[in-house]
Each structure stands twice: as C-alpha cells, then as structure tokens.
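This report refers to the structure that appears directly beneath it.
Naming follows writing order (A, B, C and D), and every chain is counted from residue 1.
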Amino acid sequence: MTVHVCSDADEAVSGVEDGATVLVGGFGMAGMPVELIDALIRQGATGLTVVSNNAGNGDTGLAALLGKGRVRRIVCSFPRQSDSWVFDRLYRAGRIELEVVPQGTLAERMRAAGAGIGAFFSPTGVGTPLAEGRETREIAGRTYVLEYPIKGDLALIGAHRADRMGNLVYRKTARNFGPVMATAATTVVAQVSEIVDVGAIDPEAVVTPSIYVDRIVRTGVPAA
Amino acid sequence: MNTTTPPVENLGRGPLGKDEMAARVARDIEHGSYVNLGIGLPTLVADHLPEGSGVVLHTENGMLNMGPAAGPGQVDPDLTNAGKIPVTELPGAAYFHHADSFAMMRGGHLDTCVLGAFQVSATGDLANWHTGAPDAIPAVGGAMDLAIGAKKVFVMMTLFTKDGTPKLVPHCTYPLTGLGCVDRVYTDLATFRVGPEGATVLETFGIAYAELAARLDLPLPATRLS
Amino acid sequence: MTVHVCSDADEAVSGVEDGATVLVGGFGMAGMPVELIDALIRQGATGLTVVSNNAGNGDTGLAALLGKGRVRRIVCSFPRQSDSWVFDRLYRAGRIELEVVPQGTLAERMRAAGAGIGAFFSPTGVGTPLAEGRETREIAGRTYVLEYPIKGDLALIGAHRADRMGNLVYRKTARNFGPVMATAATTVVAQVSEIVDVGAIDPEAVVTPSIYVDRIVRTGVPAA
Amino acid sequence: MNTTTPPVENLGRGPLGKDEMAARVARDIEHGSYVNLGIGLPTLVADHLPEGSGVVLHTENGMLNMGPAAGPGQVDPDLTNAGKIPVTELPGAAYFHHADSFAMMRGGHLDTCVLGAFQVSATGDLANWHTGAPDAIPAVGGAMDLAIGAKKVFVMMTLFTKDGTPKLVPHCTYPLTGLGCVDRVYTDLATFRVGPEGATVLETFGIAYAELAARLDLPLPATRLS
C-alpha cells in the first residue's frame, strides 16, 4: 500500500510490539539505520528478536538497544568484534540468546522469506558444527543442508534516496542487507538522506521497488 | 458479534456488461494498492480505476507502475505487458528481472490480483490454464504463480459458458491452476465470496437470488456472516 | 574470466556442442537474442535442450531453430501461442519433448542454479497436474513442492549496453530472463546494441555484473 | 600419460616472509580472474598482482572491482571491504546486495578465493572460524560461504603455530568451516596441493623436503602425479 512519509524517526517506528522480530540493516556502520534504532529505543518495545549481520559496535545504535536490555535473542553471522563489548557482556552473563548463521545463509534465508520459498537446500556449512543435527540431503552428488526462511515483523533499513512513492536506491556497499530485508518483513521502514519527487529516480536503477516499503523518513547523513 | 446479511438483489436491470464488470471489480480495489491484472477481461479493470486511485499496476514480465497501452507513436518493443502488448511507463516505475518479479508475487507482496477463469470452485480452487482437452498443448505461463501470488485473488468471468454450464462449481473438472486461492468471483450475474466455508452471494445483477441459486449446482446460503 | 568481445555473432556462439542445454532469453520479442539464435542455426549444433519462456513465435529466431530440427527438448512456461505454429507442428508430430514449468518456477529454478541452491520448496503449482508425482512437504501449515535447479551449458541473452569488461544493463521489460540466465550457464553470451568504455556504466545501475558474462557482441538494434 | 614431479626445494634462503607469501599466491592467480581475498594475511595478495593483471576483486559485502584501501581524504563510510576497512572503487565496478553477492559465491562464479586458516587437513578440510575454546563467542561471518564459494580455494598461512604445532594436519581438531574445500595451501615453508588424494608438496622454502616431511604428522609423498 501507499508509502507513508514520516515527519521523524519516532513516527517511523511507532507501534512496534514487545516480542517483535526486527531485521536491522547494515554491515558495520555502512547502511546501519542509526536514527531508527535510536527511535526504537525511545519507543520502548522489549523482548525483541533482532536479525542483523553484527551484534552491535561500540555503545551506539544496535549496541545501545542491546545495552538497554530490549533484545531477548539475536540472529547474526558475526557477533564477536573488537568493539562488541555490550553484546559480549550480555552473552557471557547469559542474558541474550545467540543464533549464529553463515552470512550468505542469513541473506538467503531472508530472501526466501521475501520470495515465498518454504525452505531451500544450501551447501554452506555442511559438515560443520552449524549444520549439526539438521536435515541434510545429497543432490546430484553434493551434500546440502535444509535452511528455513527468516521473516521479520519489522525491518529497519538505511538507504540513500527515496522518491515519494517509496522507491529506494542505496550508496555503494551500504546497499548490503537493505534490499533483502525490505522483502522479508511485514512493515518496512527506511531512513534516507534525501526524499525526491516521483519520477526523479531512473526506473532502471531502482534497487528496492516501492511495493516493499511502508514508511520512509529523511534523517541527517549518518556521521562517518 | 456476527451478523448476517442477505445478498443485495439488483433487479430492474440486466446482467453486467464487460465494462460494468470491470467497474464493479475496480470498486473493490483499495486506494494505493499494488495490483496485477491478468490477460484478457481483467485488463479492462485499469480503465475503471478512479483518477487519483494511487493504484500501482504490476506486470509479471518485470515492471511496477505500468501505464496504459501504448498509443500510436508510443510503441517500444522493449516495453510490453504480460500479454506482449506494448504499454507505457508511469513516473515512479521500476524494472526488475523475472526471478525478482515472481519472488514479489510468490512472496505475497501484491495486494490484489484479478484473473480470468474457466472454472472456480466454491472453496476457491481455480482452473484457468488448461481445458483438459487431450490434444491441447499445455501452456501455463504465469497463471499458477498469479493464483497463489497476491494477498487477495479476484476472479472475473461470465458465470455461465455459452452453452449455459455454470463456471462456479462444487469441484473443478478442468485441471487446477491453484488450490483454495480465490477470494472473490465477479461475474455478469452476481458477485460471490468463495473460500473454506463455501460460496456465498454478495449481490446479484438482473436476476433474483432464488433463480440464481436454482441455476447453480452448489449450496448457496441466502445469508452470510459478516 | 575476462570477457571476450566478439567481432560477430558467429564467433560469439562458436563451440556449442550437440546435446547442449541452451538458455534463451526474451519474453516474446523483448530481450530475444535473435542474432545469436540465427548464428546458432548457422553453427549447426543439434540435439539441443532449449530453456526459454516461449517456444518460438512466427518463423524466425527460436522458431527457426526449432524448424531446423535442432531442438530435442524444450523447457518453457508458455509454448502455445497464436503464432507458435512451428512448435505446434513438431509437438503434434511427436518430434519434440516438452516440459511445461510455471513461469516463476522457471525463473527461480535458474536462479537456484546460479546461486548454488540444491533444491527449494515452492508453493506454486501445489495441487495441480504440474506437481503430480513430485515430492511435497508441509512447512508451517502450507504445502510446497520441491523444485530443482536448471543449469545451462550456454545462455544466449539480449541486453542493451555492455562495457568492455562485460557489465550489462538492459532496457525496460526486455530485462526479463536475461539477468537470471546469465547466472545459470557455463558460457554466457550477450548481444547488445552498444559497447561502451569501462567506467561508462554507473556501478550502482549495473544489472548483470561482468563476472557472469563470457562473450559480448554488438548487433543491430533488433527490429520492432 | 601421468608423470611424476619431485618437489622443488628452494634452499640457500630462509622461509618466506608475509609479503613473499603474498607474492607467491599472486603468481598463481590467473590473468583476468575474479578473486575474493579474505580478511588478514590474504589481503596482502592485492599488492602483488602485476600491473595489468586484469584481476577483479570481489568483496562479499556487495561489490566487484574493489580498489585499494582508501587513502587520506578518500574515506567514504559507505564504501568498505568485508573487514570494514574503507576502500576505493575501480572503473567497471558493480554494487549488489548481500543475497546477490553470496549467490555469486555459493554458485561457484568466483575463480579463486584466498583464505587464512587455523588448520587445513590433507584432504582439504578447512578450520578457520572458531578455536573451539569453550568460552569463545562463535562468529562465522562469511567464512563458510567463502570456503565453498570459489572454483579454487587457496589457503595462506604460516605452516606452524608459534609453539611449533603443524597447521597442516591429518584431521582438523578445530571446528570445521568447510569439508574438502581447499585446493592449495601456501605457507612460509612450502606450497602444498591438498584434496581427496591427500597432501603433496609442490615446493619448499629454506627447508629440505625430508626435514619438512619429518616435522609434519602426515603422509607426504615425495612425488606427485601431474
């Protein structure tokens, strides 16, 4: 349905319920929807499941959400980083559940959710601890593990530019998980640096078509 | 609280013509929704969407915000709809490849899709790709993807074949396109809701409910829960 | 490996072996690589399996390839059209095998081949004759049918513009199957209307990255 | 006809330094190939690709034709490599999202990927994501996708840990990243081929073959089929 152009990030994240599954874009800081995460902290929803590549860096953004105790469970590929002290402390204290998923499988499981695929056989992780106890199958001489979709109630993504219909383009490697998460959540919220008139984005260059986007909000260009 | 509503009988008029059917479907398409109109009769619906409806048309060959058919001098062989008819592009359009286009459908992102049909069952099974004739060459195209590919699936068809056989049936006899996928059936004589509870009549056109029920070979309660 | 810029369509299709599986792009005439198909006819390979949305229109292009008796088997979604008389005749004479696949499943099976997915569960076609006798599974209350990848030895696609590295962009709905087929074949050949210098295509707007493209050839803009 | 080739012993010199290892790997990367260089040691390989090598670097966070690390004044927070280091863009680059980027890897489209490792087995199993320490927080990132995601997988590592334990082993004791996925192992002391037939030495640096074989706990035939 028609995209809603929000006046601020607080409006953009209104209505998130306790226990929701939230897909959070970004790879490191590139594409990280910092203002939306800050607004989600103010909004107050708790008991969240967060799906994101990392488990927060430093003390801001996703790390701050974790630090406030709002996240019950995190699904990510690479939680352990030099500056993931907030997550590390929670994890070692047994105060957060962790599901580690190979990075490409994480992306493909969200793509499957967005594409209506019930499950898929992936060669990634076969024979490793991450596939232990899981269904495997040999197909044409190769072994695969069965992977299921990951669907969000909410996706928070950082894009570059939106038109007033909700078509999105990204910048460079900040594209990363945004276009995939936009297909995989019931409500998709994008923070962008610029909102332009309908017709100002080349239809050949649209990365996330408007159909996937529910709310957009213009925020300042995130600090480097 | 559940209430029951009898069907609205629009008498003192004939059955709906093609354009009236299209207008009737258009009335049920929500403002700002994303819609795929199947080949044939459903294409007419586009002409009846009100000015400023904000409806965005999807064509499964890879485009959102498709415009009307191309007029003289507007034909571009690289820009067609799913029926391979030259069309136009509206501001805010987006192009994407076939895997992305059908992911959009299969993933349930379209709000509504409007399809033609050979038969629809009372429980919403759809048959619209194959007559089952033994010498017919099977050709499915995007029919099965469309059948399961929208939040709401509307069928638009005449209620009877030319020889008077009902196309809304207890069970489809033609090969199926999709199982339990249809939500509403818009016909020249009546509009139906179909689904797990069976078929109910929402309204009739130029025919009394009792006469309609008598001509159909299925249970058709006179009232429905709403 | 580095793309080869061919001097003509005949060079572009050289080396195709009898019995090869050839993915042929296009939806109707939009994106149909007519010059490459004509060159494939001259090249002479036979006993081919062709994967394409349609089974040829009129007497040219794919229809001509079929008409010459070079195609043993065709995998497509919509063979029967008002102008598919060449295919119709061969089919009714029992001189060509047909596998009918729903259009989106056709695209997704090629995507799976390109993405290294061993098989996937799709809701499309469940309960219909096209899923008869196939493996199905109920996942989270919905029934799915298991679909396998379709991989080509060769893909022939029609794109709009290439740079000299092989990055491709398309035009409007002529994009259709091209980007998917480009990921799913061992050798990928693209005919384009224009070859431009490296750097002349916006990296944000590349649709098929150069890694997927083996040979490019400039041909005339196909007649409408 | 199969012939056998003894390993080349490069004596009269010490083991390879980091940059010499990187240069050795670079020599085996084909002109015009598409390559992913893992985080850490493998990143150095980029500096040793010859001018005009035509090699196109992939970074799994969504880019082809990545350029060198960003210099002062070139840093763009939206343009980083998989190690989150600011990088640059070369002409002919392309950006794509994560599902497309990992489809490219999983689908076997990269010609070569170069990875670091904790351990590699003689049959090509790779362990490079987890030390198995019970209190370690598991973090896999793209390691498992990379391990299976290229036509050829090269490992680049020192042959022994600081305390002298071999990292080329009969069977990995650390948790696996991938099964039978490594083709070649480039170390400071020797280059190996690994795979279903076990490990063979292609060349040594600053150590005689016999001494190398004695220090490793695995069968290491002195000749190989070629």
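The criterion applied here is as follows: a contact is a pair of C-beta atoms (placed from the backbone, for glycine too) under 8 Å apart; a residue touches a chain by one contact, two chains touch by 3 or more.
All of these numbers come straight from a predicted model, not from anything done at the bench.
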B-C or C-D - the one linked by more C-beta pairs in contact: B-C
Rounded Å distance between chain C and chain D, as computed from the means of their C-alpha atoms: 35
Chain A and chain D: spacing of chain centres that average the CA atoms, whole Å: 30
Where chain B and chain D are represented by their mean Cα positions, the distance between them in whole Å: 56
Multi-partner residues of chain A (each touching 2 or more other chains): 108, 111, 115-117, 122-123, 170-172, 203-204, 207
Where chain D touches two or more other chains, by residue: 89, 95-96, 103, 105-106, 148-149
In contact (per the touch rule at the top): chain pairs: A-B, A-C, A-D, B-C, C-D
Of chain C, residues touching chain B in the complex: 27-31, 77-81, 87-88, 91-92, 98, 100-108, 110-111, 122-130, 160, 170-180, 207, 222, 224
Of chain C, residues touching chain A in the complex: 108, 112, 115-123, 137, 139-140, 142, 144, 148, 169-172, 202-205, 207
Footprint of chain D on chain C - complex, ascending: 1-2, 111, 113-117, 163-165, 167, 183, 198-199, 201, 203-204, 206, 209-212
Chain C contact footprint on chain D (complex, rising order): 30-34, 54, 56, 58, 64-65, 89, 91-96, 103-111, 148-149
Parts of chain B lying in touch with chain C, wherever the complex brings them together: 59-63, 75-80, 84, 89, 95-99, 101-103, 105-106, 125, 130, 135-145, 148-149, 175-179
